[in-house]
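You will see subunit A twice below: alongside subunit B first, and alongside subunit C after that.
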Partner chain A sequence: MKRTFIVALVVLAVLLAVPLTMQAYGLRIGTTMLMYGVLAMSWNFIGGMAGYPSFASAAFFGLGAYAGAVAQKYGVPHYAAWALAGLVAALFAAALGFALLRLRGHYFAIASLVVAEALREIVNSATALTGGGMGLNLPLPQASSVEAQARFFYYAMLGVAALTFAASFLVRHSRLGFGLRCIQQNESAADMLGVNTTLYKVIAFVLSGAFVGVAGAIYASWVHYIEPPDVFDVLYSVKPIVMVLLGGAGTLFGPLLGAGVFLGLEELVWRNYLSVHTGVLGLLIVLLVVFLPKGMLALRKA
Partner chain B sequence: MLTLQILANGLVLGGLYACIAAGFSLVWGVLNVINILHGSIIVLGGYLAFFGYTQLGIHPFFSLLVAAPLFFAFGYFLQSALINRMIAAPVLLTLSLTFGLDLMVQNGMLLAFTADFRKIILDPPLGVLALGPVVIPIDRLLAMALALGLTGLLYLVLSGSRIGRAIVAVRMDREASALMGVNVRRIYAVTFGLGALMAGVAGTLLAMIYPISPLAGTTYLGKAFVICVLGGLGSVPGAMVGGLALGVVESFGGLWLGPEHATTLSFLLLIAVLLVRPTGLLGRKGYE
Partner chain C sequence: MSPLLELRGVTRQFGGLRALAAVDFSIAQGEVVGLIGPNGAGKTTLVNVITGVHPATAGTVRFAGEDVTRQQPWQAARRGIARTFQIVQPFPDMTVLENVAAAGVFAGSAPYGVRAEAAAMEHLGFVGLAERARQRAGSLTLAMRKRLELAKGLAMQPKLLLLDEVNAGLNPAEIEQALALIRAIAARGVTILIIEHLMKVVLNLCSRIVVLHHGELIASGDPQGIVRDPRVVQAYLGRRYAAH
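After this line comes the complex of A and B, so read on.
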């Protein structure tokens, strides 16, 4: 536990210091990495700890992005809009969780996958509120230079990532985390031994939605323009899973590690082989599943 | 009048949906693998028919004869070389595996065929069939008949042939069927091959009706999901009932709510059925 604290503090210190030496490009990469970290750590609550194959991340991300953007359109200041986006995503996750978490395995996976599709269609047709397929422009923040803006969003994303990490840490060392691990191993047995499985699963699902919602809202402010196919992209559901699998499911640092490694690979492929980058991502997933199904942290133990 | 026409449109659509879903449902039911690749195999079938018609002048109805063995071999090979290694892994891993394969195939198609939308335009056109007030294009009607016929053939293979009985046996109890001398891995490969065959054949038929593009598979995949859940998993009659039901619901939904809500409607239907009757409309007894 003490070692975890030290490692976490060192990582945080490095992440805080990084922008001092970075140009705009480096800051963009850093912000994306932190965003991926939030997505991966969030998915870890429901997918890694409770073992439920959720594909709902894209739904939370898009919902958060649109909640934040629409709030800002009506004059809500950006910090409040981001918090509101988190709240909307959390409430949505709670309502959805009570319905969907009764399903298991493939059925849950599919039902959660189609949520993002349905939300995208709804946002697409609610033109008056969301701009529909034309997308939505967001106000530029007050910061002066390009560098200052990049730094602002870097620190905003770092704040969310730190909160998500703190939440993972607390959950992991609490009754809730223990209950979730029981559910992962044998849900019926956990239920019989007095774990309130429904409540625990819903809490895990809400946690997996709230921070992603905030990250989505910050993303929207960051890129100034969002449209349904962009923020409800199914890849926002899939990438966090790959990152967690890459790093090690259910662990504390695994998702962060996976996010960093994944982003590095993605950037490398993007930059050098633009036309085949999705194919390479696919190949990476296949190799990962076949050769490293337990993640990189498992290599250390082997 | 309009109601009859919409019903006819829905049934024609539903026949094709049944064909799409039958293979997907079979793979899901027998292997417990969700084949994300299914949609892209449909699109590949569509390209086969398109290029067969435009380059070689082979009528799409005949390119079925090429598509069937080709896609069976593709599926059989894929399962025995790769997916069989992971067959006992948790849901998430097999799902990720087929998802990764799907990304690769989609990327490959984008490079090979570009992102253009393509559609087979028959020359000369087959015309329309007018049954009183209801008008049905003949190419669609034939495609539906072929699709339903092939789905029926799959049903006969499963219920009548030796290999079909082995597939059903593996679906019911893998250990017991292995003890009875069934080569389970081979049955898995055959099943996956049959799933790919149905997808590829459905694709050749669909290319006459809908435009195809490398990323169009996702839509068909979504429909296959919904139909499986509607009709019940791993059963051919279930896929038929689910497919026809979805076709009719989408047609009427498009009429009443506007076509832009068709997807939302089918997904709401999916979630409703999952919650109320998770075993599907025909229940779990559909082992053929």
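After this line comes the complex of A and C, so read on.
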């Protein structure tokens, strides 16, 4: 536990210092990596710790993006709008969780997958509020330069990532995390031992939604313009799963490590195999999952 | 004194199949009761009804004076009803110690953390698994897993312990050990309901036996009476025991 703390502090210090040496491109990559980190660590609550394969990340991300954007449209300052987006995503996850978490395994996965699609259609048709298919513009933050702006969003994303990590740490070392592990191992046995499985799963699902909602809202402010196919993209559901599996499901640092490695691969492959990059990336992922089913953190123990 | 567990007219229907038909029976505090009957008689269903896995279609279940007919399994666990499974159900990738600690934390009153592990260690010592504490639960032999189930059951600090075929699949030496363990548990004052196919075990441990057949309770009484009961002999035991 003490070592975890030290490693976390070192990582945080590095992440805090990194922007000082970076240009706009580097900051952009860094911000994306932190965003991926938030998505991966969030998915880890429900997918890694509780073992429920959720495909709802895109729904939380898009919902957060739109909640933040619409709030700012009505004059809410950006910090408050971001926090509000997290709250909206959390409440949505709670309501959704009580409905969906009665399903197990594949049924839950499929049900969670259509949520983003449903939200996308709703956003598409609620033109008055969301601009529908035309998308929504967000106010530009006041910053002296392009670099200062990039740095601002980097630190904003870092803040959310740090909060998500802190939440993971607390859950992992608590009764809640212990109960989630029991559920992941054998849900009916956990039930028999006195774990209130429905409540625990809903809490995990809410945790997996709240921070993603904030990240979505920050993303919206960062790119100044959002439209439904962008923020409800199914890739926001799939990528975090791949990252967590890459790094190590259910672990503390695995999702972060996976996010970094995944982004590295994505950039590298995209740059060198522009026309076939999704194919090459897919192949790499298959190879990694086949040869490292427990993620890269498992290498350290072996 | 009112009984610890009381079933009144408990019926459980699975579609067209009536697994339990108007079963009445009760267990007093401190009793060790055996539940026998042929395969498919409804024994495990009865345990599932008591623990809330399959709520009764009709009738009531009362535990410690409280109506618990509609409870969820986790509520049953927290009220003090612990069960072991015919097919053992550990958390395979957790250590043996964590398995027992989980029972203490979620059903018992152990706070999460070191104290839960210390309490778990005592239970492991009691069932003779102390030296396996740090091993993965999935790596245990069947006999050890059965003992792990018992340790988990004890960690839940139960008022009532339901043992569903704890001896199935064990060899004679292992059964002897399991018998000694169950006797030691009973000596602590835990009320026990044992589901068992081995008459030797039931006759050895129980002060009373109830017999299920086709979902109906066909007999209940002291062991000597039960083995002579013609309906029980016909439905389940055969002539071997009747001769005694």
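Here, the second predicted complex is superposed on the first by the 302 of 302 C-alpha atoms of A that agree within 3 Å, B and C clash if a C-alpha of one lies under 4 Å from a C-alpha of the other, contacts with A are read in each partner's own complex, and residues count from 1 in each chain.
Everything that follows uses one rule, which is that contacts are C-beta pairs under 8 Å (C-beta built on N, C-alpha and C of every residue); 3 or more make two chains touch, one makes a residue touch a chain.
Computed from a prediction, not measured in an experiment: that's the story for all the values here.
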After superposition on the shared chain, which partner residues are touched by A:Tyr107: those of subunit B (first), subunit C (second), both, or neither? first
Determine, under the contact definition given at the top, whether A:Cys182 touches first (subunit B), second (subunit C), both, or neither. second
Subunit A: partner with more touched residues, subunit B or subunit C: B
In the superposed arrangement, does A:Gly75 touch subunit B (first), subunit C (second), both or neither? neither
On the A-aligned overlay, A:Gly279 touches which partner chain: subunit B = first, subunit C = second, or both, or neither? first
Applying the document's definition of touch, where does A:Met192 land relative to subunit B and subunit C: first, second, both, or neither? second
Both subunit B and subunit C touch subunit A at residues none
Hey, which residues of subunit C end up touching subunit A in the complex? 51, 53, 72-74, 76-78, 83, 85, 89-94, 102-103, 105-107, 112, 152, 156
Given the complex, residues on subunit B that touch subunit A span 28, 32, 34, 82, 85-86, 89-93, 95-97, 99-108, 110-111, 218, 222, 225, 229, 258, 260-261, 263-264, 267-268, 270-271, 274-275, 278
Interfacial residue positions of subunit A with respect to subunit C in the complex: 174-175, 178-179, 181-182, 185-186, 188-197
In the complex formed with subunit B, which residues of subunit A make contact? 47, 51, 53, 99-100, 102-103, 105-107, 109-111, 113-115, 117-118, 121-122, 124-125, 234, 238, 241-242, 245, 275-279, 281-286, 288-290, 293
